[in-house]
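Each of the next two complexes has subunit A plus one other chain: subunit B in the first, subunit C in the second.
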Partner chain A sequence: MATKREYTTEDSSSSAKRPKMENGNGKLDAANNPYLAHWNDDKSNTANGLYDFKRHATTTKQASAAEDGPLNPFTGRSLSNRYMGILKQRRDLPVHKQRDEFLKLYQESQILVFVGETGSGKTTQIPQFVLFDDMPHKSAQMVACTQPRRVAAMSVAQRVAEEMDVELGEEVGYSIRFEDKTGPNTMLKYMTDGMLLREAMHDNNLTRYSTIILDEAHERTLATDILMGLLKEVVLRRKDLKLIIMSATLDATKFQKYFHNAPLLAVPGRTHPVEIFYTPAPERDYVEAALRTVLQIHATEDEGDILLFLTGEEEIEDACRKISLEAQDLVREDAAGPLVVYPLYGTLPPAQQQKIFSPAPPPTRPGGRPGRKCIVSTNIAETSLTIDGIVYVVDPGFSKQKVYNPRIRVESLLVSPISKASAQQRAGRAGRTRPGKCFRLYTESAFKKELIEQTYPEVLRSNLASTVLELKKLGVEDLVHFDLMDPPAPETLMRALEELNYLACLDDEGELTTLGSLASQFPLDPALAVMLIVSPEFYCSNEILSLTALLSVPQVFVRPASNRKRADEMKDLFAHPDGDHLTMLNVYHAFKSEEAQANPKQWCHDHFLSYRALQQADNVRLQLKRIMEREELELMSTSFENKKYYENIRRALVAGFFMQVAKRDGNGKAYMTVKDEQNVLLHPSTVLGQDSEWVVYNEFVLTTKNYIRTVTSVKPEWLLDIAPNYYDVAAFKKGEIKTALQRVATKIQRKEQEKGKR
Partner chain B sequence: MADSDEEEDYMNMVFDDAPKQPTHETSLQRAARKRKEGEARARQKSKAEREADAEAAREASLATALPETNKGFKMMAKFGFKQGDTLGKAENARKEPIQVNIKEDRSGIGLESEKKRKLREAWDEAARAAKRSKEEEGDYLEDRKQQQKEKKMERDLDSAQRTAERLSEEEAEEADGPSPEEKPLKHINVLWRIRARRRVEKEHDWRQRRELENSLASRLPTLAQEDEHNDSKVAQGHDVTPFYASLENDLEDEDPELAEFEALPVSERLTKVLVFLREKYKYCLYCGYQYPDAAMEGCPGITEEDHD
Partner chain C sequence: MGLAAPKNRSKISNDPQNTTWANNTERFGHKILTSQGWTPGASLGATDAAHKAHYTAASQSHIRVFLKDDNLGLGAKRGSERAENFGLAGFASILGRLNGKEEEVKKEEERQEKIQQRAYVYQKFGMMNFVSGGYLVGDKIEKGVKKEIEPESSDNEVTEKKSKKRKRSGEEEVKKGDEEEPKLKRKKKSVSLREEAAKVDAALKATTKSKKDKKAKSASETPAIDSEPLSDKARRKAEKRARKEEKKLKKALKKAAKEAAKSNPTTEDPSSESSDEEESTSANSVPTTGTSTPSGLTYNPRGMHAVRQRYIRQKKMASMDPQALKEIFMIKTPS
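Take a look at the complex of A and B:
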């Protein structure tokens, strides 16, 4: 707190403008540049420890001297004791030994591929090495370092701010969707890859940055792949821009080849050998086999923690319960020491995620068998999270992976076999602290024959509608020849273009329309963005704004396995007979009521709602509202007393989701999706009570049964009225849906004729 | 139901789309057809049938590429894209979307292939030989088509077997015969005995798993332990493989009739079951209808192609 106060006084004293002294390569007239006002600070100038540094010609020695202090080379304030402590640790990291080598390659070439295993310190250290040589603040630019995950961007920025002895959000900041923690002084910005992509939409050459670091490139997220394609072109236009691709796996040659044979630097991680065991025969039930293996390790192996990979929340929670119960039996029989089991998955609240770092439990009695912790995790623990103390890894060989198929337009998470690369990564987690063991629950020949080499990059497994819109906005005309590292199947692009055309975001020539350009301003799926933009026409933009926010966050309803009945009763309090969208809206309105806001946490707990999700929705709503105001989209509501209140909302829903409509098949429970003609069932979680012949759905979930989730009933007349291009009845395949639509069309015609007669 | 539909059709004036009826259809034939169609429509589909339908529709869509009439295709054509091209500039770019495979159980990696290998080795061999000769011709598309056809046949076979089993059970019930559970496997008609066999196997599995879960032994080592003798492993429940192996042996050694039938190519098995259904129950799978008399008037033939 003390530092903060000190800083604010300093800041206010600097508000008086002073002429700027010539500094380094000062090509710009900084004194007249309002963006560089923060330079006009006498103190920081005299204290600038880097004044004699020559850009792109510095050495490790120089940088080390500057790092040693006593003043912070970037802020001019004296360095804290804590900083000195951290500095010592930092210099022990594997990357530090190769700082010289790194600087040489960085200075020599425009693009550099850097390979460092997890634990090498690359994410925190390399950007700082760059700062000392690139000195982006001297040219009013920044260094960007992208991360695939929001949490990583936040936590790494926090850590690096500490390492540099600065306040987070000042010299070091982060920017993630719906949250920007940077300031005018920011010179190093950690951000999600998606955010950098959005910035590129407004600044096609990314002129704000002097160096861009794409971290965790091996994860091959959609945004990273698109960024690589873009930056490959930008570096040709901007010779002053430097690009570093950082990857954790040794498959770096692919990156090298893609970036015109850029030089490669590899830093070994700190890993120990891991012994790998296979099962003698294929397992009949991988979950059960995993539980057995964990308990076997616990009963027979030496001290050391266990990491078990499973596929999803439900499976993990179930496994945790079973392992705990069985372990208690073992303790009772004195066959093993105490075992604490922690789940780990993306939607787990951060406080609970933190628990995995708590130490293993002590023996039950002095001198007894040592305790152990066991973490049951999704593939988050595969690359992004580093947990020390893991010695045993149990790998059943599955993970949940997103799959998209343009032929039936379904994007779903499916349990699928992992790749060989993934299996190696998992095994590596056992060797972080000391030599470890990895138990693969499949045979060696299955590993060789059945697993694919590399996990498919996300770009091959995603609906590209939103990406296509972004690329169009980025000025990429020819999407067919856009140079992606792994281009998806042509049908994927075809479907995306078609969807955007029906949404009127692209015209028939494939050119961006006004609506499309506007939709690209929102960090949302095109269907959601279009729904939001046209909602004023339905007099319900306030409600659609809330709904859009609610659809952009994790599930708001909580349904704990131990208390399902009560949770369902609570959900019924909010239920709207016309469907789930309206129910979610009821929840949000109740959440914003005075009664709930008195103690929102308790209120959510009592009503089996996720406080975190609702709070997040609130935040998202605020961000989207700002964009709407900026784009001059009017915020309005139909009066609640008006009987069209809910109807208007449902109609606006159709305006965005008319391509996600299903019709009931006969009189049964089954539905059939329009055009794709897939047989689906309503997801059991739906509140839709009455018999609804036509519904819009938010999601098509593929399991052994096909489900549609989050559904609301609509009228077929609206479909023909609001989306006449898509509902061009003559073009429909012959069948029940066509007949039904024809019937509706005739009815409308007749009504209009009658009106005409009158 | 049928009536109301006809009425709607009339109001909508959709005569253009109505399929052209063969001119030689007599009024009696038409009446029979209408009645049959009406009955088929009115019948509520069972849950299993619905699921099978859903899966079939999904598989069919997944196997069909987007047509050139797609609006996106035209936009791509503007930049020189032609059918069969790939995107981007990479050499080995994808032509087809990634397959969607839905995992329906919790079987471990490699189990599926292991099972298949053991159960249908003979048939596999034949298929491999056929495939090899096809590959030599380099006719990839033909090969894909054949695979799909076989998959479809397997599904048909399954539903034909299910129907046969159901009809025979119904018959047995009417005749007050022994209920199928009491019937030893060998007394079940070989044409659908595999279904009963699978049920028995599943039961065994389930029991075995229950035992494993309940016994202390289940918590103890199962990963390869070299020093232990195989038999003692089995005795302790450490390794369940031998148990299953013996079960599979059962199938192959002690039931040569079933093994022989299962070794036949799928098309042959299907034809056998179809013919049986027709002869014994006057039932046609593709009409989905049990005819009142042996003439089966109105049914165009045995195979699915006849019904096109």
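Take a look at the complex of A and C:
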């Protein structure tokens, strides 16, 4: 660590190099000895004045003086020129003007609600303001700042490390799932909200932190909501803990009320006015209207980039293709400048996501019409990504949103109208660099009447099984009165409890079982976690581990529209007659074979597989394997020659997914889910033949027809054997499924009787 | 939907809402919840929470979403665009009149008519039609800002940047002042495609001009937003002046259109202009069109499709034009 420090100063001043040489010469001077650098810390602090800072009684003046240097108040090294440059920029940020006000409120109150529009600099500056006042290193504590997304946590930490002139991972670090870049010196830690929640499981009072900042609270992710509920209780137990809730929406009264009328500080952002346009009448086809609007803007409006919001990958790719074609036409007729179109969605490879930041193309000839870029995006560009240069926003008013129906236990992404808040957020994207325009493809009255005020938080639209497991692990006993900002529907909570009970994660009194506690260690859906934990009983934990990893990454099969037939042929190479789970496993094994590993990228391309997904699965598998080793779960395989090899895997599958079973309805193609009795069809992508009466499925897809995707055939005997609690025949509703199960049960009984006779 | 709508057969389960589960109070989840003090019908969450007023309906029961399987825009309903087919609109207006709401009905009818007219024009050009809804400043839409620029935005209701540029001929540009500009736009909208084509030659020059012009305009528009609203009187005067000028323009345009109607076929003749000129077969064609693509400045929303349409149109025109026919059939008779 000490050597690393010295390394960082190398570029800042030539004098920093000298001690190294002296050191090499054997002249040991304690003051310059890098191995004794920690001795210097106190001294340098004295020199800088941070030493005589009184905790929670500092002023902006003091802090500014410390910031000015010449030595870094936190490390004692001299500050680089670059730092000075950045410092100047930082002082121009809108938050800086209200630093005094912030400090006053921060010192006075335990909880503070901070509202800053995008561009106010809150995410990078506020934590630093806190550092100068809180000085967590003096009490060996830390300041935590949570972010909803991993990428944000990483990039912001990087930026703040630069601003503070320290090495990332030393004084400033980040911690995200599967990656921890912090050190013993870390005093400011950016992390995902999920990570802080995980830490809270082991340390219910979060004693490592002196201040916790929940950033982007307005996004209301599941983890942030639960953290808020949790921290609301923690601040009562720990009077020394300070809490800052940062939000980007001006309507923060809800946050204030929720946190016992905490004081509010609002900082205006640096945004320009955006003119809003509506259509005079509803559009018959919003995609077509969107394309036309983009082209019209391109042909008629001043320079400035376009951001178009659409709902999904397929729609976006399709739109991109059409826009570029038409734009080429326009260019050919010299009606407009060049236009580059970039898609943007979550599953896009990072390299391609990065492309959206490239500048707009230059005019085709000198003095010609300026070029323009157009980004066609899902709602990730709404809040999470900031693209400068956007002047025009086209908003059809839809996005894909997750909804959960506890009655039929289906969580699905459906295209639905956005909220007013979300529409405003989208429009705001046009005013980042200069006054912009937002074209809404709906009428003003539709905006007023058809859109809900706020987007529903994630906690209201998710399956809560893993959340309930986490809460139980966090020591929350009374789930009914747990103080969430938006409590979920009672039926959703009931379903979650029941699922956990059937999975034996909760006992009949609702207490966490050993299995449940173990399952909460895995960052997985409870059903997957349980399947993984019990897999050693079926002698196939290696295979189930691979399968779990494959099921927690995006689809591995690629089926491009231009080459569907070939893709299907390639898929058939891996097909296993018993189902898609086994097919996926075959893919993974083939991927890991020497032949494929020689050039995995090419191999995946040739076989129509997603290299990224497989690589990701490989990574997840490694992480899960570590957890399994830590929890001393045995890793084993049935020998491949054994004819029970695949049967064992299928049985293990039942152990986790016995609640997602469907039985064929009569002799047709239709299936019916067990217990919930929903009519479903096998998804066309399945490799499974029509001859399996019982199947387990991974996913229930809600469209005009209900599909079950990723299915594998199972035997009804296994269901009764492995999950007797769930398949308690007497409790079933009268019907075909009940009679079928009864028949199986009597058959088993008869067999056993015969055995007994022998 | 009617009989012509696509058939979409789907089997509905016996119990799509799964009431069997929902109504069962013997379940584990139900038991645990009631044991922790929940009563059926109540929502979860802390008792007497200060923020209870902010709870939404989704805290009572799960979020219900309509399954969307089409590209229908927000607020659009299937078949709603043809309400007049059923005479419902007329019926409603009769009822309105009977109820003594003459004025409102009239207003509504006028509004509908306006929308339809506009829609017709826009559809013809394949353009999108937008209405300004104010400015978004910070988190809120400020209509106040909109009011300040009322003199502009009142006629500016239709913001069609497109036609503004492409239809502007040189002479218009000279005449137009800042205030009248929106008016111009509106008038120009009703100009037919023909007229537009007539101005092809002027348009070429306008390309460069309009670009400059646009910049100048945007510069002049922005101050207008910031500046205090014109006094009512001044505004009215300006509007009057604008209207007059507009009328003049209209006349000029009509004239141009007539001329254009004659010259049009040949300009769009599939045989290239250069050959035309050499052979001097097209006596009545405009001497030098200067551009090979008459629609060089027009914005073709349907792209390839429109190009094809243009060829079809040209062929049709050729077949109607005796001169061209002669060329095609290579009849050499002195005309």
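What we mean here is this: the second predicted complex is superposed on the first by the 706 of 758 C-alpha atoms of A that agree within 3 Å, B and C clash if a C-alpha of one lies under 4 Å from a C-alpha of the other, contacts with A are read in each partner's own complex, and residues count from 1 in each chain.
Heads up, the rule we're going with is that contacts are C-beta pairs under 8 Å (C-beta built on N, C-alpha and C of every residue); 3 or more make two chains touch, one makes a residue touch a chain.
From a predicted model like this one, the values you see are computed outputs, not experimental measurements.
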If subunit A is used to align the two complexes, do subunit B and subunit C fit next to each other or clash?
clash
Looking at A:I544, would you say it contacts subunit B, subunit C, both, or neither? Reply first, second, both or neither.
neither
By the touch definition at the top of the document, which applies to A:L112: first (subunit B), second (subunit C), both, or neither?
neither
Pick one for A:R461: touches subunit B only (first), subunit C only (second), both, or neither.
both
Determine, under the contact definition given at the top, whether A:E275 touches first (subunit B), second (subunit C), both, or neither.
second
Could you say whether A:T746 touches subunit B, subunit C, both of them, or neither, answering first, second, both or neither?
first
Go through the superposed model and pick first if A:K254 touches only subunit B, second if only subunit C, both, or neither.
second
After lining up the shared chain so the two structures overlap, which partner does A:V403 touch, if you call subunit B first and subunit C second: first, second, both or neither?
both
After the superposition on A, what does A:Y442 contact: first (subunit B), second (subunit C), both or neither?
both
Tell me which partner A:R369 touches in the superposition: subunit B (first), subunit C (second), both or neither.
second
Going by the clash criterion at the top, which of the stretches 7-15, 79-87 or 133-141 from subunit B hits subunit C after superposition?
79-87
Subunit C-contacting residues of subunit A that also contact subunit B
277-289, 292-293, 295-296, 299-300, 326, 329-330, 333, 396-398, 403-408, 414-417, 439, 441-443, 445-447, 450-451, 456, 460-461, 478-498, 501, 508, 510, 670, 676-679, 702-705
Counting only contacts in the complex, subunit C reaches subunit A at residues 8, 10-22, 27-30, 32-33, 35-38, 40, 42-47, 49-51, 53-56, 58-69, 71-77, 80-81, 115, 118-119, 126-142, 145, 159, 161-162, 164-165, 207, 211, 214-215, 218, 222, 293, 295-301, 303-304, 307
Can you list the subunit A residues touching subunit C in their complex?
117, 249-251, 254, 257-258, 260-261, 268-269, 271, 273-289, 292-293, 295-296, 299-302, 325-326, 329-330, 333-336, 369, 396-398, 401, 403-408, 414-417, 424, 427-428, 431, 435, 438-447, 450-451, 454, 456, 460-461, 478-498, 501, 508, 510, 670, 672, 675-679, 702-705, 733
Interface residues, subunit A side, partner subunit B - complex
277-289, 292-293, 295-296, 299-300, 326, 329-330, 333, 396-398, 403-408, 410, 414-417, 439, 441-443, 445-447, 449-451, 456, 460-461, 478-498, 501-502, 506, 508-510, 668, 670, 676-680, 702-706, 734, 739, 742-743, 746
Residue set of subunit B touching subunit A in the complex reads 8-9, 11-12, 14, 17, 44-45, 50-51, 53-54, 57-58, 61-62, 64-66, 70-76, 78-81, 85-90, 93-98, 100-111, 113-114, 205, 209, 212-213, 216, 218-224, 239-241, 244
